[in-house]
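Two complexes, one shared chain (subunit A), two partners (subunit B, subunit C).
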Partner chain A sequence: MVKKYIAYSLDEALDILASKDVYIVAGGSDMMVQKKNTAGLLPKFDKDVLYVSHIDELKKVYEDKDGIHIGAGAHLSDLENNKLVPELLRKCISEVASVNIRHFATLAGNIANASPAGDTIVIDVLLDAEVVLVSKKGIRKVKAEDFVLGVRKIDRHQDELIKELIFPVHKFDKELWHKVGSRKADSISKLSFAGVYSLLGDKVKEFRCAFGSVAIKVMRSHELEKEIEGMSLSELNAQKDELIEKYSHVIAPIDDQRSNKEYRQKVAMNILAKFLDEIIKGGK
Partner chain B sequence: MSKYPTSVKKVDFPEKISGKAKYADDFVFPDMQYAKTVRSTIPCGKIKKITVPKLPDGYYWISAKDIVKENVVNIIFSDWPVFADGRVNYCGEAIGIFVGEDKAILDKLCEEIKVEYEPETPIYDFSEAYISKGYKKGDYEAAKKKAKQVVRRTYQTGYQEQAYIEPQGLVLYYDESGKMTITGSMQCPFYVKRAVMRTLGLKDDEVRVIQPAVGGAFGGKEHYPSLIGAQLATASYKIHKPIKMVFERYEDIAYSTKRHPSKTEMEALIDENKNIIGIKSKVSLNGGAYKGCSGVVLSRALIAATNAYVIPNLDISGDVYRTNTVPTAAFRGFGSPQTIFAMEMFIHHIAKEIGVDPLELRMKYLAKQGDITANSGKFHDPIVLDKLFEKAMEMSDYKRKIAEYSKPGSLRGIGMSCFLHGCGFTGSGESDIIHAKVKVSKDENDHVTCYASSVDMGQGCRTTLKHIVAKNLGLPDDEVEMDYPDTDKTPDSGPTAASRTIIIVGFLMEKAAKNLKKIWKKGVAQEIIEPYVGPSYIHWDEETMQGDAYPSYSWGVNVVEVEFSPVTFEITLKGVWSVYDVGRVVDERIAVGQADGGVLQGIGYGFMENETCVDGKFKQRSLSDYIIPTTMDVPHMETAFIDNPFIYGADGAKGMGELTLVGGAPAVALAIENAIGKEIHKIPATPEYIMEVLKDGKN
Partner chain C sequence: MAKIKFNLNHKDVEVELDPSTRLIDVLREHFGLKGVKEGCGEGSCGACVVLLDGYSVNSCLLPLANVEGHEVITIEEFSKTKRFEVLKEAFADEGATQCGFCSPGMIIAGESLLSHNPHPTEEEAREALSGNLCRCTGYQSIVHAVLEASKKGEGLW
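Moving on to the complex of A and B:
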């Protein structure tokens, strides 16, 4: 028989996690869909469940020397309106699902689900966020990029709970979030793109971009980013097509019920091309 | 003054806002059992063996062997079995149902049952026609000899899912007298009643159907509830307990009927003066595994083949094809959205190919009163399409925009459709087949009640029908009652379909109320039963498809403006302007509700709603994958009505439910075409399709 626990403090949650293999439910906006059952029957949980949505310690959002801490229990709609939260993340959140889902979904839940179509993961990865995991044994920090291992696979040990995500405080000249869904709201991404850059004179000082929904996990190429960083804008212009060609191999989209691989491939590269054009123009 | 001066408060507002309205799943009876369907997992083949798991006490397996009288669902063409008998013809076909009190046990039984098949090769393409129809006008072959130019195009349309809020579901129970009674989500209570009578061999007084609140239908609950009703009734014969079956959303999307996908091959004959002297159209519809009502859908598709245009020589034909897929059936528009899409695109493409202005070409062939219809009948009533056009042009600023957006580099596009919709059943069907009746009665306290089998599925007919009666009796609306249909109390005023409720049932209500007023005696119980008598000048031959196809027509013009993204190929709606002639509007707020919802459902059909079938299975099985527009997708919308009263309609009203859908798809498709500068031949024109068109499409 499946047992269900509601923890009211972090300690209480960690005690349960230390002794049991459980599903952790924060907002439940994706978990409850995964475990959906025939209407009128209890959700289909095949092991114990720990509800963490009542733990106040997990709802904190604050800034310190390490960066912006976003508690695992903070709802997306709270983050959407919190000026401390990086603007790019807020922009992304404003397009996640629907208003009512954002009222209970969480940032930690989105990355813990590790769906290839999870929108906020793209920003977590792009901004080098760290996932902070706690257990009775202590604290472990994992880069968001390494935390997601594959489709619905994450680097979390059975006794660990995501406490928060930490975003480094860092200003870029320009930031872009572009979600391609199938309609204007309440939509699951066909693909998504996030990019940031800063210029120094006519040189690219910093460049990052990440793609969502076009591979088993969010894709980012540190190699290509390094290649671009340091380029002059005219070099970037000259090498644009070549870079796009290289980036086209970074992603590996598929056909599914929402779109097809040709579309995802083409549009992802179109958005990248437009982003690169903006950088190139930005220097003039 | 109210924004909608002719509007009254909708009678269902309080019960729906308070949550008190009872839908199928809200009914609970003592000792109620649930039913769950075991479905075919293959598209086509023989059933070799069914191994039913050991049933716990009080659990039943009901299948073809339990059929009491006839294993068919009573639809227009009754070829669909209640339970598969020996073979299956589509993925999801019902093999049987498990019945018992615990849903979890039913789910387990559905997992444990073993069905062994001998699979056969399924058909998915247009290769096996099982219904064929056609008609001619003038002499197409002779005209072809005279033609200087021939224009040809082929158009395709996809599936469309009704996406009503409330899924399919019925509850069977026994009323206070012990009579088998069915309630639940349906459009046509008498259809369900007749289906149950036929499958069980029951007499008219042995089954009762009561319709509760219905959460949307759009045609999807015209015939499908007959299948569920027949299944539950078969089970009840053995079990004698109340039984409820309500579909899960995935089950509803994956296995209930949808709009027919189509292919329309068109050919136009052009003479030396750039006149269209003939049109040939060959329509193919995917009917799925069973015919059901597809023959009538094909009729409507063919009658609408040249839409609102009058062309002298026609050769119109069409077929419905058997495929091993979920049967297709009724959906708002009933065949005409497919062919009207094709014709609206075609006239535009003809204009471009012969080098004339599309708007001028359209205007040249628009129907006028007295013109001969495609089926060689007559447009008897006044037609005010010119006024509709004038108003639509003015509201949307169409002429300026089309000139501006047609310039190279513009990412905006504007498209326009004009269209007609035949109201009521085909030809003289209302007088000859349906024989609709309504009842208006009063008791000793002079309290008036009106009765009709028309189902209020959200469109508001309980409000409007009652309002028609109140108005004609000179009473306030709240002094007239109209309850939900109950086949034991309500005369059969026909199905809630074919845009017939206001034009036919409303007309009867008006006559009944007027007749009651004539004989009104204070303090005496009185009643009027009013049978339908249609216009005597309507004659129709179903066999040859010649004559007056419908008692009357409603008309409309839609204009849609879009913006196109060359980066993502996405389309954003920027404006929708609509003008309709629905005779006379009974209740403006309800009419605008129908109009805005209808045009949006049509636009969604045109560019967004995508249901694909792969190996006999639908890929989109949830409302997060089957995409319909949200309010965030809706742009500025303006709707106007032009008064053109019809003498056989309630206070001049004609039909409007379906009319408002049929023009949305061509208008948005033409707007997209205008924005991207390439021809659109297929809907839904999704970003994926637009990407393909931009790569290899025709300019």
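Moving on to the complex of A and C:
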């Protein structure tokens, strides 16, 4: 029979992780659905389980010289109301699942679940967040962008636990989060877009954008971002269609029950076009 | 199996069960609290919502392990309160209950909202109830009932 462990401290959790191959359960809003059984029966866990929701060390949210640290065990609803948390992330969180679920689901759970429709992953990637993993051997930091390897595949070793995510402190002139779902709340994204920019005079100083739900993982193009940065607004205007065309090759939409490829491609490019228009207008 | 202690409806309780047992099964089967309803069993309908330390949560997704040492309140206990009376009357006045299946979850979600935000806007009320589905009424009457309760129950929350 599979064993169930409840860890009350980080050390206890790391001891278990060092010697056992376990499923980690935080809030459980993904795991309990994935392991769902007939009502009244135990969830179908086919290996040992480690519950981490009681570990206080994982709940801290604070700022220091490295950035804003968001503990793996902090509930989404607490982050939504915490002024330290980057505004764009709070906006995104306020549209994840439902109020009920946000009362116990976690930010680390969202990225570790590595669903193509994981909303907060788009912001983690866009804002260059780092995932901090701990094990008995020490600490390892991985960029959010590199952490998700594919659908439900992440760069985590068997003995590691996510301790926190670190977000650099950085202000942009404008930030946008746009989630396309079938209804406003409690809907899994058909598509999501996040973008940020800053201007210096009539030039684009900083530009980033990322797409969620369009491919097996969040799509962001550092090359195209570099190409756009430094452009004057009139250059951006002149090259807009060409850039959108280039972006349409960056994203590789997938078909699933929620939406089809063509729809996703079209809507993604429309949102990008509107975002670029806003930048172009911003300078006038 | 493990011994797990928590506070249920203001009483300290201890159960010896598998820590992965869903809270909804503990409440319904072990404690006979049948006001906690199972609709979807996967977090989307809100019929199973209870208060965990005062916040609405889906008991179909909560493993017992996560409840250890915490306080759980179900509709059975909440229905003994003045706040419940106010919510119940507002639901009746607004015609916010038909078959009643969603009502325990709606009322608990309403309580969770009002206890942290006694004067919600219509949008905030709609958002707070967005994880609770109703197949009978349409949501307008339910949202209005919660807003009415917020007015009539002035000072209770």
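Observations, loosely collected:
Heads up, the rule we're going with is that the second predicted complex is superposed on the first by the 284 of 284 C-alpha atoms of A that agree within 3 Å, B and C clash if a C-alpha of one lies under 4 Å from a C-alpha of the other, contacts with A are read in each partner's own complex, and residues count from 1 in each chain.
FYI, a contact is a pair of C-beta atoms (placed from the backbone, for glycine too) under 8 Å apart; a residue touches a chain by one contact, two chains touch by 3 or more.
No experiment lies behind these values; they were computed from the predicted model shown.
Judged by the touch definition given at the top, the superposed model places A:V85 against neither subunit B nor subunit C.
Residue contacts after overlaying the shared chain place A:I251 against neither subunit B nor subunit C. By the touch criterion defined above, A:L107 reaches neither subunit B nor subunit C.
Looking at the shared chain after the overlay, A:N270 reaches subunit B, while subunit C stays out of its contact range. Once the two complexes are laid over each other on the shared chain, residue contacts for A:M219 go to neither subunit B nor subunit C. When the two structures are aligned on the shared chain, A:G40 is found in touch with subunit B and with subunit C.
Taken together, the two structures place residues 39-40, 184-186 of subunit A in contact with subunit B in one case and with subunit C in the other. Per the touch definition, subunit B reaches subunit A in the complex via residues 25, 36, 103-104, 107, 246, 248, 566-570, 572, 608, 612, 619-621, 624-625, 627, 629-633, 687-688, 691. On the side of subunit A, the complex with subunit B involves touching residues 37-41, 180, 182-188, 256-260, 262-263, 266-267, 270-271, 274. On the subunit C side of its complex with subunit A, the touching residues are 2, 18-22, 25, 29, 38, 41-44, 46, 49, 52, 55-58, 60-63, 65-66, 68-69, 109, 112-113, 127-132.
Across the interface of their complex, subunit C is touched by residues 4, 6, 25, 27-29, 32-33, 36, 39-40, 42-43, 45, 49, 51, 53-54, 77, 97-101, 103-104, 184-186 of subunit A.
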